[in-house]
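Across the two complexes that follow, chain A remains constant while its partner is chain B and subsequently chain C.
Our next item is the complex of A and B:
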């Protein structure tokens, strides 16, 4: 029978043993809670939040195709696509950090609340480590804020409003797509060159955040080159027939109509403008012109013949490398992979989503961790090439990519429904770069990264 | 002045669409007593009849053109419409170009059939149910129909242009003594307005001057008594549902060149059309047409720059504002009949 005896030595021994015992689970816990949704098994799950219903469902479908292709390439499938042209060479087709890439998808419905709900579900139920996709700035801003709160990286899809990397920027959010300021800066010199510096513009602007920032960007850029803005009218987002807004334009003293509309709004307003003879009209002794600052391939398809001759800007075009050379390498690799898999060339929405997925995977690999704060550090100030846009910088100050902007014009005689625009010019990145504290982006703060720990 | 005339023209055009949809809505309500929230979907289905016929007429076979390359560098696949081969490129192109007007002939039987199937297959089971049930089931049906269309045609608008002969616009101002270029108006919108007028006149004439119409009107006034006279009023009402569907469908067919159709276009018109019916007076055909044009014109006038400057946001609420005023002063609407929806 032993007798329990408490002395200094046994007290220290017991204390160490108990302390170690108590600390052990804490170490495990702190490791488990290092960051949210840390991948434990041999797979990692990405969350692709795209519009699968609603007016942008077709654009969402194209985004999803690109995401699937990116996952395939990351896992070593297919021909590797842009992995072969990407300037960073850390991705080797074995997944991300040796983990096979899986994905879940959600439906944003192009509604902020629905998009947040689906992102939340993918984060909480499916354990998604990163959220990407989307076709609207309202959705992007809402989901970006959610990801910031949750501690998840958000790689934005198609979002063009300045606010995404302006007043609503977040440390956990990154945008590869260009923005309204860049559209204005890229378009203005070409508008002045094509239509002259003495022009009077009439703006029709969709009555929501993206419309305001796009109008402001185009106004400021064109006015700086000598244009005058004679009027600016806000149109309801729900408007379908724009005839009552278009009809007064011709007698307003304007000789250019700028349609700050996107999606169905743009298809209808442009169709109405052409119906009312604006393309054939003359004003102030000049040919009347219509400008659409941002349009996608799908919108061009919806507008049909009416898009012919209309100048606009794009983030990327599938013909870039063929027409403008090796500076845009990666374009042909992506078009080949996408085209062979799906039978038609990719849209700019598909391109940005594919690139964002690759950039995320690359950042994780370089950081050697899925920890969002490590990923943020790896992406901030990252300079890369070979992803189709030429040399690109992910600026640390606002998490906005800076690269060349494509100015396009609707083709007069397209050969097929995928060849609706021609590249007019590519505006070099220097011309579309702005200071982080530029007034059009004022008011935001990135804040600190959140790993969800 | 020219600006006001231009906006009145625009309003009449918008009003044409409102009036045609509201006419069908009130026709169904007046005959069957059903509040049909799927009526906007019928407008949309009509528009897609035009899209479908256009695609049928454009059916092609693929020819490989070795001299041209596609985006992947493979020989280009060129689609040659069968009509070009059967009738020659010129005649074939003309037939395809006229696909929207030709769709009228295609849409009438298709829409009547859809209307009859909808009424016999679903809506008749809800005649004796409360209006709330009818609204729910027809609204659900509208969602199902638009999702079916989206599945087959996608969510993107589909350009369906007017024939080349009606493309562009003309100087309406010169015709009425104004300066050149003061009132420019698109040809097709004028066609749409004329078409709406003819269609409204045809429906009224049918109801006014045919025995069938007389029986329907009698049934609308007193269904039970007409039934007691040995007339199968249900069968006639089913046919009226088909006719109402065809009216909405034809409004949709002719609307396609104005705005490229998409699966959601019916919903865009639905709420406004209900406001039109309520303002015109539930069950009143004349009221629906008059209110359609009235609200269309007011909406256009409220979109004028100086009006918006005077009352910001008026363009977005004018229709509802007018509806409130009319319902406060004339609770049955402009031409509402006593006893309709008042039990």
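Our next item is the complex of A and C:
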């Protein structure tokens, strides 16, 4: 039995407890708000989620450089870069809607789980209003779904698989980068022109989603022009020695090898293929050829001399405006400010991330609100120019950008380590446009935009 | 209480208090202060703390008690996750069926893996489990793409059937009878902002139950048998006792814990990718257990918290933030300090973790728990010396009465 004793100490104690109990309901704030992470102060926070470790760390580092440059330009620093060439003129270097742009960065480790954890901490802890970046389709799809659920805009970085704006498309997600279908559609006519319309192709495909969609895209586009597909073999993503996959190619009756590989995979498989003498070989009375559907400067650097003479496609190249004229304006402005800040030309990953940040800032300014649903509305069907790719459309049906695709070839005698590819041709946007319900993109649904309210 | 002795009851109550008050404890710094960078009290990370805590508790039942080092526990986590997401796609977004099925499926899969792998012990056992886990990863990554979604993984979609949900066809969110896992209530006091997340408390509740079960296992005759296996399995076998059913039971129990963790991960964040089963994920739980203290009750939970904190907080510090911190220094010195610290932050968090791990293994072989015990001992000894001449180390300890 305890005795009830009233003394000063217990009186104060219980008084505080009662007071706290009474005050509790009033200091709990409900989650009622206009939209998630509404910027309240004089700054707005963007989240840049890039791979800083793992196989795509180089791309990630270049993406982060581009993001930093974009933020600098948005805040009025530097020479303004593409702000001077962008067809929309609402951005004036005073941040976004008068708020200074700040950013947080995170490491995706090229793993969906890590990428989502990093994106979540940006949303929940740092109050990021938009997430951008990423360097693999698996990560892009995972983070895009997260942003849709949370009610944040996702501006995809480097992601090439059809799924991102196909079966996994989301209303809050936008992709500026091109995709597998576009690679196939852009490459096929040039392959037919360069190598003839009666070729027999052998595909080596990385055994995961991006590999599948790229193989399908290249296959369908080339077969439509008369090519024949002899065989296609899936290779494990972790493979580093492709000799056993290359060896059967010469005796298969094929005269073209298509390497649906990216990053280190592509560097290794291409090196093996060249070592096996495929470049000098002849099959069916024709010279044997190798094709790499998705090219990047960083891969070209890794493959060294082996890349010489090999055709592939790119989203953008830093020499575009110099070689093909003012249609691609914006390119030089971007290359200049990037080069001045970092001392070398930007990669296509850097370009797409820079442009995505600018497009987001522009959309917010035109919508006069950070509300994700207003931003979605401003971006859907938005036509712009002066961002380095020529006239571009952000299609409302699937949030994919439509623009010209660059077909490149590895240089025989590169002058320096940044000038490894030459532009063969630019495939105009009409040739790479497809219907939103194209079978390669079927099965997805944008759904409604989510503002997290 | 609940069949626990006083010491264990106290430990359980401590864990309950820690998990329930986590939003306060993990947010020691006001939002606007520069140290807010070190706050860990946001929903996603708190959820991760308790989920990986469950994973590590389960792993510890196998590794800490029997000494069998499994290098493939991430596979069970992954199987649990896939089971959970399929329940959400097919049945309902309510987390209950997802969690139950994740435990069942992980249990079945661990029964299969354990039944085969436990024929060997030591390094051979480790390699077998590692092989199974890598096989599961490879299957999920490519071969089983129709079931697992391959590299992109699986997510809940609008078009999923969800036959038990009345609102099928709408965008569903993981919920517990209508209470959404992402529901937050925030409490603002002065400069502090505390967030209470529904999903976190669901996960924390599961962890407390898991912890309680783990205590009971540790203190049971079954747990004693597992310890006997650890100390000398051969001798145990010579006494005519078949130890395999015990190891298998421990293996399946820890597999079910991993499955529960996987199911909870899906409940908190409705997405699964195959990287969850990669061998580094299996290695991570080994690190957590060793870092915290293998064979101790609460150690693995601390280890899990430590690693997840490093991964999520240290990795997000970048040079810009460092420059802010050290802006009070003269320019040259500031740059120098930032350059020195640079390799240990951001992407260098692995390096920091590695150093911490090495220090712990070298100086505290018993993990963080040993560190705690040493500190506790230090204080006790000081108290003891005050009471005059009694040396606790040279006195016979009072023997308990025969029960």
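As a convention for this text, the second predicted complex is superposed on the first by the 421 of 453 C-alpha atoms of A that agree within 3 Å, B and C clash if a C-alpha of one lies under 4 Å from a C-alpha of the other, contacts with A are read in each partner's own complex, and residues count from 1 in each chain.
Criterion: a residue touches a chain if its C-beta (ideal position, glycine included) is under 8 Å from a C-beta of that chain, and two chains touch if they have at least 3 such contacts.
Since this is a predicted model, take the numbers as computed values, not measurements.
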Please determine, from the superposition on chain A, whether chain B and chain C clash or fit. fit
Kindly classify A:339 by the partners it touches after superposition: chain B alone (first), chain C alone (second), both, or neither? first
Tell me which partner A:268 touches in the superposition: chain B (first), chain C (second), both or neither. first
A:236 contacts which: chain B (first), chain C (second), both, neither? both
Should A:175 be classified as contacting the first partner (chain B), the second (chain C), both, or neither? neither
Looking at the overlay, does A:305 come into contact with chain B only (first), chain C only (second), both, or neither? first
Does chain B (first) or chain C (second) touch A:99, or do both, or does neither? neither
Is A:57 in contact with chain B, with chain C, with both, or with neither (first, second, both, neither)? both
After overlaying the two complexes, what is the shortest C-alpha distance between chain B and chain C, in Å? 6
Chain A residues contacting chain B in one complex and chain C in the other 53, 57, 236
Footprint of chain A on chain C - complex, ascending: 39, 42-45, 48, 138, 141-142, 145, 150-153, 155, 157-159, 171, 173, 182-189, 195, 269-271, 273, 275-276, 278, 311-312, 315-316, 318, 346-347, 349-350
Looking at the complex, which residues from chain A come into contact with chain C? 27-31, 52-53, 57, 104-107, 111-114, 116-118, 120-121, 124-125, 136-138, 141-142, 145-146, 149-150, 161, 163, 168, 207-210, 212, 234, 236-237, 443, 445, 447-448, 450
In their shared complex, chain B is touched by residues of chain A numbered 53-58, 231, 233, 236, 238, 240-241, 243-245, 247-248, 250-252, 264, 267-268, 271-272, 275-277, 280-281, 298, 301-306, 318-319, 335-336, 339-340, 344-345, 415, 418-419
Can you check the complex and tell me which residues of chain B touch chain A? 2-3, 6-7, 10-11, 13-14, 68, 71-72, 76, 150, 154-159, 161, 168-169, 181-182, 184-186, 188-189, 258-260, 262, 264-265, 268-269, 299-300, 303-305, 308, 315-316
